[in-house]
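Read through the structures below before going on.
One chain, subunit A, links the two complexes that follow: it is found with subunit B in the first and with subunit C in the second.
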Partner chain A sequence: MNENAKARINGFFLSAAHKIGLFLAMTVICLPGLWIVLASFRPTVEIMAKPPVWIPQDLSFDAYIAMFSGVGQGGIPIIEYFRNSLIISVTSTAIALAIGMAGGYAFARFRFKAKSSIFLGLMLTRTVPGIALSLPLFFVYSKLGIIDTHFGLITAYVALNVPFTIWLIDGFFRQVPKDLAEAAQIDGCTRWQAFWQVEFPLAGPGIASAGIFAFLTSWNEFALASQLTRSVNSKTLPVGLLDYTSEFTIDWRGMCALAVIMIIPALVLTFIVQKHLVSGLTSGAVKG
Partner chain B sequence: MKGWRPPAPFLLLLPAVLVLAAVVIIPLILSLYSSFTPFRLTQPASLFTLIGFRNYVRILTDIEFWTAFGRTVLLLTVALNVEMLLGLGLAMLVEKATRGQRLLRTIMMFPMMFSPILVGFQFKFMFNDNIGLVNNALQSLGLTDQAIPWLIDGSLAFFAILVAEVWSSTSVFAILILAGLLAMPKEPIEAARVDGCTPWQTFRYVTWPFIMPFAYIAMTIRSLDVARAYDIVKIMTDGGPAKRTELLWTLISRTAYADARMGLANAMAYVAILLSILFTVYFFRKLSAARTQIAAEW
Partner chain C sequence: MATVSLEKLVKRYGSLEVVHGIDLEVADREFIALVGPSGCGKSTTLRMIAGLEPVSGGNLKIGGRVVNDLPPRARNLAMVFQSYALYPHMTVRENMGFSLKIAGQKPEDIAPQVEEAARTLDLTHLLDRRPSQLSGGQRQRVAMGRAIVRQPDVFLFDEPLSNLDAKLRTQMRVEIKKLHAKVQSTVIYVTHDQVEAMTLADRIVIMRDGYIEQVGTPEDVFQRPKSKFVAGFIGSPPMNLKDAEIADGQVVFANGDRLPLPARFRDRVTAGQKVTFGLRPDDLYPAGHGIHSGEDADVHRQDLRVILTEPLGNETLVFSDYAGAEWVGRMLNPRRLSPGEALPFCFDLSQAHLFDRESGRTLRG
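After this line comes the complex of A and B, so read on.
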């Protein structure tokens, strides 16, 4: 067998192994989610069946119809929860990104006293587990009268996300060579212009992923939301999920349906921001 | 000259510092204070009695607390290592893919879209001994004929929690490492190949040092955020059976909300915070070291 044929066979097996590995990994990642989607369309009898019913016999939108049919008919105030979640997550992500970009840029581009201690200090505020933060925050918020408001939760989530975003954005600004912005400034840009014209587009992937992180954190947060919200005024979807549990039973089907509702916006948003992840850095920066 | 202007980094960092001080630092000072009182939710007046370090002495001599502490450290260590390895593998698989990368990346981030509380319910459902997917599959395939008590046996429950935790967080590593791989210039790899490096050598000495900061960022973010596991554990076992999966955080919430002993819970919370700080500082050091190395080589 000559070397060419050998290399070809090797290559074939490698690519086959790669495809199989990829397929297996994706299956493991998707299966639990697909199971949830499937369960949301199946009648409860089928979910609970023993021996298990593998091939769905009876698919319907009953769970979704019940969910939207309003309180008292097996439904929950889903529209209000959804609106609250959306307003709170989008606003807090936008604010956290703005603050994070300023902070991340400061850490990546400037030298100042006690820099790494300040950085570490900011990060350490994030180490506080939600459960540990929830009670003192509840006290402060009730003194200020901002329990059960959008404002309260947005403020909390901005604080939750700022260390994250600073960290990520700092890391990605560091990857952008300093020379580029300096070159732009020599060419007549102000520092502000150099930032928006050169460094911001190049750090785009990092800012996009920081945005995804911040959005998903706010969208999914439960420990704080469960303490700081009371009613349909500000309850978010993760807290609403608990409407489907009672002391001894769980309405699996309804919960799965709500889960699907929760995941769709996250999926759409992630897909939109996706393309920023590749663009920018890889194309034509300073070589070497 | 216009006179004194505050330095730029000061202005840029001011908003971040203000927000964090208002939402995190001030409440934490309050809770630090209350950890020195016998504060109970049912007796608001008890907030003003100081008892010194009695809460701390009490938890530090409590075997139940130390068990939960040890279990939390074990969970963190195992979960972070497994997630790191799987995330690295996943990122490299996706990076190698020639077609459908965008779709693959979106799928890869799929678990991140799940709220931890949802992950808890989902795996509680899947590991249910009677109707769960796992047992149903094992029984249908004939691998076992009785129902495995996943969430009822102590160590199996720990394993189930670990699976849920790893499933939900591996993608954090994968996406950050992938971002690193995509940001990485291709020339050093090509140079290494021209110089006759084996694929392993190329990975070990070229790719790995470059993506290390990204891996450590992921590590640190995860170790900061690992208290998310509270939601998962809370839903899956709530520390049971018979406290065999009790973690620091479920213990805190039980002490605070079920037993209403807020002062004691705040003392425990400070130990939990200290643990997170330890993990974070460790990875932060590693991160700085990796960054310095890259800066030196570039």
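After this line comes the complex of A and C, so read on.
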């Protein structure tokens, strides 16, 4: 066998191994999600069966029907939870993005005293585990009387998300050459116009990714929300999952159905924003 | 169309002063080149004129109006950046029309102006492309197009050709010259390439360490450099500059080799004075292979040994050894030379320069 044939066969096996590896990795990532979707359609007996029933025998929409049947008939106040989740996530994301853009721009473009210490300080706030904050936050919030309000959770999530959005957006503004904003100013823009006309569109992908992350953090957050919410006034979907646990039983099927309801908007949002996440938009701006 | 005046213009970053009170008058429609090595303050000066750097002291006038504190948009100028700074999310058409859009003009008024500029620069077929789809030379032209469309009082160029390859640079240099002839506006052009400055500018400003060393026409700065620095900076290959002393009416080099004192410096130097002797490569040539501009009496003949040659086709640069140092000469109508060969050379002393070694200033009147 000559060298070329050997190399060709080697290449074939390597690419096959590569694909098998990828398939295994994707399985590990996707299987739990798939299992949740499946479990939401299966009766509890099948979910709890040992050994597990791999191929579903009996699929139904019962859990979803029950969920929307109203309190007292196996349902939960899902509309209210959904509304709360949406209001809190969207508002906190919008605020975190606004602050993140201002902060990220400042860190990327301006020189000021103690810049790196401030930046480090912001990042350090992320090292504190969220759950460790829940008790102090609870005390503060109860004194302020903002337990069980949208405002309370929004404030907490903004604080949680701002360091991250600043960090991410700072990186994207750094990639936008300074010359562009200067060229825009010479072309007649005010600094403000130069930002919105030139720098903002170019940092768009970064701002969009920061937005997705901030939204998902708020949308999925459980630990703080479970402490700071009480009733349908402010309970979010993740906290709503607890409605399926009672003293002696856990309704796994119902819980999985609610989880599916939670995943759908997050997936849809990610798909919508994803196409804006085109990187390399700045190529061609300056030499190269 | 406008004049630009710098009056004692100063730029400070904190306590560090980088431009030290420079004075310059740029006439209406004049093409001025600011040249100098990196860090000489030329780009900073240009950015102050553009309004991108605040002025720390002195006055900056455009068209007679003091503009020290006006933002860039109030100065009516256009700038071509070294990096071109094209807006990557806009097409060429949008890039060129951007300033007009910002000025509030209607799309139907913008279109003909953009198309006119595109015709001038041969960009018509590229109008709907994005900058990322253009070559370096095309981007350069778009950057110029964006500047023309504004019809500014003053054009500023910040090393616009330094990202292009040598051939394209020569081509764009010609285009810039044609453009200036056509639009007839005041141009301030920053470059570190003295060839660009010489070929393009009406007057050249040579800067060094935040000071202006000399302002003059290309002939001025080439033939009558006011300092050793200008002499060494302008001209390619650079002038031969060798330290020497005046003794017995002669120029005596460190190793004792001597050259006659050029006639026009006879009354300007004293015995024992420490000087720097300067001679351009054009004025040092193998006998019969150069043109001397003065009297025959001013030509000093001397046998030199060739160290190295650089044939350029129409001429050859000859590196030879004299007075313990390397001298560059230029050989017209060249013949092949071999290293080590000894040749009679002519030193055209009517074109020689003498500088005070301490101050670096010329000793010529």
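Going forward, the second predicted complex is superposed on the first by the 250 of 288 C-alpha atoms of A that agree within 3 Å, B and C clash if a C-alpha of one lies under 4 Å from a C-alpha of the other, contacts with A are read in each partner's own complex, and residues count from 1 in each chain.
As a working rule, contacts are C-beta pairs under 8 Å (C-beta built on N, C-alpha and C of every residue); 3 or more make two chains touch, one makes a residue touch a chain.
Quantities reported herein were computed from a predicted structural model and do not represent experimental measurements.
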Practice task
Return first, second, both or neither, reflecting whether A:182 touches subunit B, subunit C, both chains, or no partner chain.
Solution key: second
Exercise for the section: Decide which partner touches more residues of subunit A, taking subunit B and subunit C as the two options. Expected result: B
Exercise for the section: Pick one for A:149: touches subunit B only (first), subunit C only (second), both, or neither. Expected result: neither
Practice task
Would you check which partner chain A:91 touches, where first means subunit B only, second means subunit C only, and both and neither mean what they say?
Solution key: neither
Problem - Partner chain(s) touched by A:190 [first = subunit B, second = subunit C, both, neither] - result: second
Exercise for the section: Mind working out whether A:44 is in touch with subunit B, subunit C, both or neither, as first, second, both or neither? Expected result: neither
Fill in the blank from the handout: Both partners, subunit B and subunit C, contact subunit A at residues 281-282, 287
Completion exercise
The subunit A residues in contact with subunit B across the complex are 18, 21-22, 25-26, 28-30, 32-33, 35-36, 39, 47-52, 54, 98-100, 102-103, 105-107, 110, 112, 116, 118, 120, 122-133, 135-137, 139-140, 155-156, 158-160, 162-164, 166-168, 171-172, 174-175, 205-206, 209, 212, 216, 219-223, 237-238, 241, 250, 252, 255, 259, 262-263, 266-267, 270-271, 274-275, 277-278, 281-282, 287-288
Problem - subunit C residues touching subunit A - in the complex, by the definition given at the top - result: 50-52, 71-73, 77-79, 81-89, 98-99, 102-103, 130-134, 136, 139, 146, 150, 163
Problem - Touch list for subunit B against partner subunit A, complex - result: 7-10, 12-13, 15-17, 19-20, 22-28, 30-31, 34, 89-90, 93-94, 96-97, 101-102, 104-118, 121-123, 125-126, 130-131, 133, 136, 139-140, 167, 171, 175-176, 179, 182-183, 185, 187, 213-214, 217, 220-221, 224-225, 227-228, 230-231, 249, 252-253, 256, 262, 265-266, 269-270, 272-273, 276-277, 279-281, 284, 288, 291
Problem - Of subunit A, residues touching subunit C in the complex - result: 177, 179-180, 182-191, 193, 197-198, 201-202, 281-287
